[in-house]
Amino acid sequence: MSAAVQTAVVGVRGYAGMELARLLLGHPRLGEATPVFAGREPGTLAGMHPRLHPVLGGESPEVEVFSWELLERRGVEVLFLATPHEQSRAWAPAALDRGIRVIDLSGAWRLRALENRAVYKFDDEGSPAAIATAERAVYGMSELHRDEIAAADLVANPGCYATSVILALKPLLAAGLIDREQGIVCDSKSGVSGAGREPTATTHFMNAADNLSAYGLFKHRHMGELLEQLDVADEEIIFTPHLLPIPRGILSTIYVRFAQKTTAEEIEACFEHFYAGRAMVRLFHGGELPQIAYVVRTNFCDIGFKLAPDGRRCVIVSCLDNLLKGAASQAVQNMNLMLGWDEAEGLL
Amino acid sequence: MSAAVQTAVVGVRGYAGMELARLLLGHPRLGEATPVFAGREPGTLAGMHPRLHPVLGGESPEVEVFSWELLERRGVEVLFLATPHEQSRAWAPAALDRGIRVIDLSGAWRLRALENRAVYKFDDEGSPAAIATAERAVYGMSELHRDEIAAADLVANPGCYATSVILALKPLLAAGLIDREQGIVCDSKSGVSGAGREPTATTHFMNAADNLSAYGLFKHRHMGELLEQLDVADEEIIFTPHLLPIPRGILSTIYVRFAQKTTAEEIEACFEHFYAGRAMVRLFHGGELPQIAYVVRTNFCDIGFKLAPDGRRCVIVSCLDNLLKGAASQAVQNMNLMLGWDEAEGLL
Amino acid sequence: MSAAVQTAVVGVRGYAGMELARLLLGHPRLGEATPVFAGREPGTLAGMHPRLHPVLGGESPEVEVFSWELLERRGVEVLFLATPHEQSRAWAPAALDRGIRVIDLSGAWRLRALENRAVYKFDDEGSPAAIATAERAVYGMSELHRDEIAAADLVANPGCYATSVILALKPLLAAGLIDREQGIVCDSKSGVSGAGREPTATTHFMNAADNLSAYGLFKHRHMGELLEQLDVADEEIIFTPHLLPIPRGILSTIYVRFAQKTTAEEIEACFEHFYAGRAMVRLFHGGELPQIAYVVRTNFCDIGFKLAPDGRRCVIVSCLDNLLKGAASQAVQNMNLMLGWDEAEGLL
Amino acid sequence: MSAAVQTAVVGVRGYAGMELARLLLGHPRLGEATPVFAGREPGTLAGMHPRLHPVLGGESPEVEVFSWELLERRGVEVLFLATPHEQSRAWAPAALDRGIRVIDLSGAWRLRALENRAVYKFDDEGSPAAIATAERAVYGMSELHRDEIAAADLVANPGCYATSVILALKPLLAAGLIDREQGIVCDSKSGVSGAGREPTATTHFMNAADNLSAYGLFKHRHMGELLEQLDVADEEIIFTPHLLPIPRGILSTIYVRFAQKTTAEEIEACFEHFYAGRAMVRLFHGGELPQIAYVVRTNFCDIGFKLAPDGRRCVIVSCLDNLLKGAASQAVQNMNLMLGWDEAEGLL
């Protein structure tokens, strides 16, 4: 497959869009074809994101007003939607109709079960177009669905919290080690960029600084992803997000009980086997644990664990940068697979 | 004068209003008469300011919708306006007409000279009512204007930056020590609360955290206060504010040159003399300098200095909490004087 | 009992010692008798803690070199030990021998069971003096042991993490609501002051800022307090501390399962009943949750909870200031009880 | 010149050493020859700097115990000293004796005048070896001394503060625009990494967070560099450093007066001319000002300015990352010139 693939990012004004732009501009196999950057208002990338100055150098790519005509004129083959849920519900099917492959970073197409999607209150729920589109969507976690992603036209990029939890739990659940009936507890903490670029009371420095708060208990949007991707029942898992006074990064502390007495070696082996050859997950050994500082501004998900002396209870710690492995770099990973490239291309 | 003075605060939703409410509720001579709290929307103080929980205890005072009828019904004698400039321009004369004394925390009535006020672009500039009101207004810095404040009906509470700079410079300028023609440089740094409660791009955690930026060069609104209160010409003084990644506090680093070779003892004596008996200014000695951490959540302005070996150049460092000595506690200090009490009542 | 009780604080150089000094200096019933402040090196309180400037005003109390002779000469009746564990092991019995009542803020006397104390590796473990002293020690959580504290000569002030967890769990466990066999998960997060004043790699700004890390899994010193005070078995509870990039404050997110389907009203009633008349615990209602910002620089422990729709799973969130309710103000609460005063005296 | 140049870094445990290691490992022309990393104690780069994980990937280079034998065995041609001043005073001449070219990041060899060096109190001051070495040293600011650096055996890498001030002032001073007698004020603010890796009271999170403090007034070590490189007299310039509560980054706000009325265009032209073709300095236009966030983790120095309406007073704002353009990347820039490469090689 030729490298001259034309990509486009809609919604570059947000933080995920910004990181996506940065990654695509530096992608070794897209070098010749500058991505199309589009949004509601025209401008330049550097104007919208002064912190991209260093990446962009002297000249900044234009951000154009989004239109289908624009995408057609520029011959866009892969479209990244870094747009609100509602917009992605409308634009993903429209792009597919035009033969454009889509990687959607919103929650619009991540969930299969109607009851899990209820939290989003989609306007078009139940319409034939929405049903047909949902059936084409593949959950874009390459460590779980590599082959489906490679063949997909529509990839639903996972939520940031969901990524940190699913990558930590999937190997152990798939191996049947965890006793689900004893319950799984996922205590996650995220930096402020997870709340988006829009200035709100929550993202105001005065509320976030020197503080920590829990929110969205028993009803956070990412719960549905955990249920579907981990194949656990609602009563088997609790997920509590917290807002950290830092710009970026997620740390999830996850508590499980094993059905049988287990050794640290067995658990390490389970993780090693599951992530063999997967470049974007880094495993910590010997009870060493990842920290947010190790993953910020990287494209990795770091995973470590500590087993209780009883061999039954285990705490898994999982860290990632919510804007990268939790959003933009995972989207690029998906693009790489869709285009037949190595999943880590442009990410190491 | 009896202690049963009825006060009111309009604009309690903002940070200065919050601190004002806290100080008035704890004021030993207002204890019997709970202040009236008012704003655009009804609610409770604790509802608007969850961080006031500890102060308020179990029951929170109501915040009522502002109306003149409300103030009259409650017999308000002293009105604090923690409102935007435009509103204070309209409400201060209206209160005075009703015989209510006013302490205005906005910039509406601080400036005497038309050219200094130009930056505010007041709608009513030049109207007879505005001119008459302006003439009654006293600049509310008690260390400079104690007697006028005591007699005033309308006190214009100083700006936070202006307070930190004026208190540091006035003693030396009044004593004729400073050579103004050599220029005075005021490099000030403020925490994010100075930018107000409204969520904006500036106050977004992502912009403020891990950052420092200069802004408003040669045109900040507080410049006029420096010119008028210090009696210096525009070309003799430069003031540059910066946004610090902390919730609250201002530190001003001020550079002056003396007309004559001077000793540290002479400068200390000058400050000691000027602030003798003034409880809300704390002087540092022996070249020791204040830090923001020493003044945050206090009602003081801390001042220290360091003289160059040449005895001619001097750096003065001045610190205060922008919401307290830079706003709310200075307003209470003014109220104390207006009611014939000790200026530090309720502030130590 | 007369108010002229002479107190002393040994170890005022640390953060807990600093807060203790501040609280005792402002205590309404100790006003006449300035506490004795002592440590390894002489100095002044303001010299050791520049941030106490505002509290201390112009003149700062002396910090004297500790000696028993000093305590005797000053007639000390109540001694606060804000000292390292080893020192408290030696000094508490020595003070008791001299008829001085002791409130020890270290971990020296908190634990009853030898296996729980093992983590401290006390030198004198098993000596007759240590055994006798341990038997006199009362765990200083007034909400659990008011009467014993009132009568005690030696009060072991609880650990900061332990306080936040025990206060959140005790009412529900005492009422038999929690199914312990399903496991209790305590995910706690603390500000940096919890790591003490000594500069270390951990407390270095570069390691703490913009970061979050878990530590001490399955082996933190405060585990023993949870086991003993909550009367749960080691395999029934997990406790994981994390280091937050903020100066102070602890938030514990605690996950439990109820033996029976329960309503939010029943849980609220359980908490209300347990903490009826206890001023230093504040309960949140209607699913509202406390945040660290609400408790920092207060003497309260705030508790809220959220019940899952299934009525079986519950998340309790508990917040306190680790230096106050987690240390110094809890110590003052204990002193109040020991002296026959209201437990909240000087703390509201 | 061949690319197989063998380099070594002594002192990789510090922050500048860490960044230097990162930059050299990623340098496109050093790729074949892994640098030698040495220090007082053996270990691995990743062990000393867990945050380098992402850069290092799976395998981490060894850090070896420094010895001359080690350097000789590995055929080191260029030696970076990221060592304390005293050590650099001893090792730089020793390396030169062995024919190894040296880039020293300490203050050991930056200053020419004895009175400027006095602040360092060097043990060997006045010894023939020290005098001879000092004469060979070139001040390593490539924007000022490109040719001398290219030919040098010993390059003294500039101080971080000094770099931010000198790059901002040199073009205007060289053009004779500034009236030095009116005085130049340099108000600089630096993140905590500038204070080094050693845990101290200053770098303790509790002292740095939520704070700002000025220090080293009239006596900071970098003053000498300003005097010598800018060719100004001590009474013509004031430099005040401040400690910012952020991990990294310096912003200097610099106040000058021009001898003649000047236009913004003339000043822009002056900067443009001076920095024509210099990749590591980025100029801001139209009164736009740099911020710390734009330069953190970049190798650039950003410069902007604002001219007063009177055309005589000007504020220049200069930003850089103290560990990069203020230390490690400037050192690599020097190495590039010494090896005949483009100065920006490996830095864009």
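Per-chain residue numbering starts at 1, and chain names A, B, C and D are given in the order in which the chains are listed.
Note that a residue touches a chain if its C-beta (ideal position, glycine included) is under 8 Å from a C-beta of that chain, and two chains touch if they have at least 3 such contacts.
What you are looking at is a predicted structure, and each value in this text was computed from that prediction instead of being measured.
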Chain at maximum distance from chain B, centres defined as averaged CA atoms: A
Pair sharing more residue contacts (C-beta pairs) when A-B is set against A-D: A-B
Chain centre separation (chain A, chain D; CA means) in Å: 38
Centroid distance [mean C-alpha coordinates] between chain B and chain A, Å: 47
Touching two or more other chains - residue numbers and ranges from chain D: 209-210, 245-247, 291, 293
Of chain C, residues touching chain B in the complex: 50-51, 53-54, 57, 210, 282, 291, 293-295, 297-298, 300, 302, 348
Partner chain B, residues of chain A touching it in the complex: 15, 192-193, 197, 199-201, 203-206, 208-210, 245-247
Of all residues in chain D, those that touch chain B in their complex: 182-183, 185, 187, 189, 207, 209-215, 217-218, 235, 238, 240, 242, 244-247, 249, 251, 253, 255, 257, 287, 289, 291-293, 296, 306, 308-310, 312-313, 315, 317
